[in-house]
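One structure below.
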Amino acid sequence: MSTRKLRKRRVDRGIHVRTRGLYALSSYREMAYLLAPRLFLLVGLLGLPPALDLYGQRVLCAAAVFAMPALAFDFLAEYVGLVCLGGALFIGFGGYAAGFLNARLGLSPVLTIPLGTLAGACLSTLVILPCLRLRGVYFAMVTFMIPLFARHVIVALGLLGSTEGITGLDTLPDPLIEIYVILAAVLASLFALRRLVNEDLGLILRGIKENDQAVAASGISILRYRVLAVFIASCIGCFAGAYLAHLYGWLGLSLFAMDFSILPIAAAVMGGTGTLAGPVVGAFLLTSLSEALRGFGQLRVVLYCLVLLAFILYKPEGLLKVLERKYQQFERREEV
Amino acid sequence: MESVLVYGTINSIIFALNAIGFSLVYGVSRVPNFAHGSIYVLAGFVAWSLVNDLGLPYPLAVAIALAFSAVIGWGIHRLVLRRLRGLPTSEIIASFAVGLIILEGLRLQGIGGFKGFIGPNYVLKPFVDGKIEVLGVFVDSQRLLVVGVGLVLAPVLWAFTHHTRLGLSLRAVAQDEQAAMMLGVHSDRSALIAMVLGSALAGLAAVLVLPLGNVTCEVGYQVLIYALAVCIVGGLGNWAGTVLASFLLGFAMKVSTHWFGAVWESVVLVGTIILVLLVKPSGLLGKQKELEERV
Amino acid sequence: MGLCRLPDTVFVTLATFVLFSFFGFFTAMIAGRTPAGLRRHGRPRDSSPGTVVPGLLAGTWILLGGLGFLQADAAQNGDPIRVGAPIPRASNYGQNGERGMILAVEEINESGGVKVGDRRRPFRLEIIDTRDEEPGVPTSEVLLAIEKLILRSKVDLVAGGPCMSECGMAALDLFARYRKLDLVSIGCYTPSWDEKVSRDRHKYRFSFRESGSVRWYVREALDLLRRMKERFGFETLFVSIDDSLMCRRASEIVETLAIKDGWKIVGKDVHPIASTDYSAALTECRKSGAQILFLWAYSPETSILMKQWATMEVPALPVGFIGAAEDPGFWEATDGQCAYSIVTLSETGNVPTRATPKAMEFHHAFRRRWNVPPRSTGCVSAYEAMYVLKDAIERAGSLKEEALISALEKTWLEAVRGTIRFDENHQVVYGYDPRTSVLGCWVQWQDGERVQVFPDAAAMGEIRLPPWMKR
């Protein structure tokens, strides 16, 4: 038996090296290399609806609704340093705001969705504001509890239909419009956030994540930038909530359901935290997995959690990072 | 008024029992075991099914259930948590996933053709029957047993973590892993021991407290939230804090039920947690790492 | 488009494979030339984009796609009438309903099926788990499950229905949107359901509720109380309820109406939902001298309440909506200490009765099929729902929505609970005469059995008082 020892060695692909910096524009091949993944995502997502039947489109809508709080979670966790486990908070506030505007003030969805997003975002930011002084696991726990709290408060005060909710809200006119609105929103948020993290604002936020004392020492108000980051993230999350309220024409306590907190986090973990596209891909995969497992009845959640566990244990960096690595480097085994 | 006092105390001790196992694991050893609630329900279910389906005598079933929960704790650590040591978010998510698997998996079993814990048969018999009067309020003996065990267990665990080598090594690993390893404490093994003990304590709480009610899946989620709440409010790693927090929360719930109506109970509970976290994030009696918790 | 006919899991499997292969070729193509410096170690192999993760993914999708295929395939044999059944399978009402529906479908198919026009077609149930009684499940997921039945499985009609009131109300809009007939028959009790239908009867004409509304059950409760007042001379009530919005609202209505009837409410106890100790409330009840303990509680912990009631020998008869007491195993679970409690099972037929000829038939058939007696709410109404549909389809002669709607509106069917007919808000009509309406069911636990004591047309026994209450 030979005693050759092999190890895996990863080397950057030539084209990856060549596309760094200005040389990315040197030929069509380099540009294509850079554009391919983005185009793939864009074309794939936007081109999917006509290929699916109506049910598939609805699943896609639901998946996109989960993708947005997943994006918000990833942005806050990896680029601002705030692990916010309460995605249901955004969806709940956005949904209630939009539904309230529609049911009580009679505005049409074209107005209520944007207004609901802004109102919900303001509300969520106000609620998270006192918690911003905390850090790490404490912030995570408090934000996880806030949706539970909101539920109990709504029931206790009997607001807005409490346990029965309000149904019969206006829905959007066409299924195709519905799906494209949310897909456009997801893609717009994704690309906007990606751009944002490289702008000045993004650099400050990443600095705050790394070492907030240093940033504070530079005379920058950390609180102000954190509030801004939370506001941006909650705009994204509340849009999903406002849209959801008008997707099925309902608002109720279950807008604060735990599923809306847990699934985006699972999607982010599966897709790869840190790469903003990862949570989006993860959300789509996880939702379609969840729907496909409906036939299993009770086993569904069990299988779902097993998949999540498998990802955490064996591919913790997430799907997208693995794909990225394969795309940018090649591996081979060589002798030690 | 007396009933509020008596039942408040009992409620608080039940909280403390639920939280003790979790506190040992998360507070003392910083190993998040978010499958705590599931192990609780699983232990109760195992005891119940040993008694009902196999007809074993009750004390034997209880002993087997405790051993079973310890084994489950060992299994979770070995298979899941060992790989994730040092990544707190992943540990939390992974143990929560395991907990969900167990709880939802329990929904697959059933009797009479029904699935899940449906039907009034899922009841563990209390150890002792009968009741006595305390301060003019009837209290059944099972509750007194729970109080007794709780009162004994808290100082025992305090002594364990402060005066025995094993307990001290658990705390050492949580404080500074490198230094502890230099002193000959095996880090992974300590985490394993913490998990095993914590799960056994969860099982103990289950066989004591579940006879007061029914075995259902929702109990699992509730127990986890209460245990987490008690640990956070009391301060991670501080036994006096755990006891204090469980009394605070237990009484807050009972008092709010008595004076404001039961619908405010959950609001008060979660509100207390949030308030304490905002004012003193490391918990009422926690003294660690305060600078790192705030900006 | 041809692709639309494939189940989506198959489509995604193929898509994943195609896309990954495309990806692989693409990268191989781009990274064609090897960098010079690495030539020393030999030609590096072009690595295809990994094998483990895509393999895992593809494997999962193949498995699921295969299952998806199987599910779609099984629908091809025969030409059945496909009835979608969204059921919360984890809850007890959901499982009751599931059993009732399966029993009914088997009976109907065995006797030849449903006559549609000049053909006979069997029923086929497409059961889907909506999980709506589980905490943490949002309504949108329930609605998506129903959409799967309507859009993917393309069922002809839907029966069963979500149980939670929030989901039930939102589902009304869903069925109006997709113009699909819906027969709510498991246990959505909220009175707002028919209120909402009454506000726009044309829009919501597709939905019918064949199970009860809590409004009627409350009225029955008061009539039962009046009966007891006449018989035993009782006058005082002690109310004890679970602290949930539904129980609170319902108990307020009960109290207002009871006071109008001449009852004195001498005490009230609102306990948190999973409360495990009721001695405080029971002591108060005894001190207040109430003669009837009116309960409205759904948690399984109410078995503890009953045990404590019996141990403390509280001289008040427990009457009301006690979720745990509906179960046939309740006697054993409380060691017989639940005797004398009176509880509603919502539908006549859940215990042996002579109200209608079909009642005993149903009871025996159910026992034979499932080896347990019918449990409670949902068993009978879901069973009858299939017969209601059969009757309406045969009268309409087709499955077209508008024809079926007018046929259903004219339903006059003799069934297990009495005679089924719908009012102008598509709500089944409850009453006391089995020839013109359906009957509720109040039972008392006597000697280990649930014996029906009210309404009179179905009663099989008299109301008994516990020995410590006889003067």
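In this document, chain identifiers A, B and C correspond to the written order of the chains, with residue numbering beginning at 1 in each.
We take it that a residue touches a chain if its C-beta (ideal position, glycine included) is under 8 Å from a C-beta of that chain, and two chains touch if they have at least 3 such contacts.
Predicted model, so just to flag it, every value in this text is computed and none were measured.
Each chain gets a centre from its C-alpha atoms; the one nearest the centre of all protein C-alpha atoms is C. In terms of C-beta pairs in contact, A-B outnumbers the other of B-C and A-B.
Mean C-alpha positions place subunit B and subunit C at a centre distance of 34 Å.
One inter-chain figure worth recording: subunit A and subunit B are separated by 33 Å, centre to centre, where each centre is the mean of the chain's CA atoms. Of all residues in subunit A, those that touch two or more other chains are 155, 298.
Residues of subunit B in contact with at least two other chains: 107, 115-116, 263. Residues of subunit C in contact with at least two other chains: 89-90, 135. The touching residues of subunit C, when paired with subunit B in their complex, are 89-92, 95, 99, 135, 243, 248, 270-272, 274, 276-277, 279-280, 283, 300-301, 303-304, 311-312, 324, 327, 329-330, 332-334, 370-372. By the touch criterion stated above, subunit B contacts subunit A in their complex at residues 80, 83-84, 87-90, 93-94, 97-98, 100-101, 104-105, 107-108, 115-116, 228, 232, 263-264, 266-267, 270-271, 273-274, 277-278, 281-282, 292-295.
Residues of subunit B that touch subunit C in their complex: 3, 7, 107, 112-116, 118-123, 131, 137-140, 143, 212-214, 216, 218-219, 221-222, 257, 261-263, 265. Subunit C contributes residues 1, 3-5, 8-9, 11-12, 19, 23, 26-27, 30-31, 33-35, 38, 41, 44-47, 49-50, 53, 56, 60, 64, 67-68, 71, 89-90, 128-129, 135-141, 143-145, 147-148, 151-152, 165-166, 169-170, 172-174, 177, 190, 192, 196, 244-246 to its touches with subunit A in the complex. Listing the residues of subunit A that touch subunit C in their complex gives 11, 13-15, 29, 32-33, 36, 40, 44, 50-56, 58-59, 62, 65, 155, 158, 162-165, 167-168, 171, 244, 247-250, 252-255, 257-260, 262, 288-289, 291-295, 297-298, 300, 307, 310, 315, 319, 322-323, 326-327, 330-332, 334.
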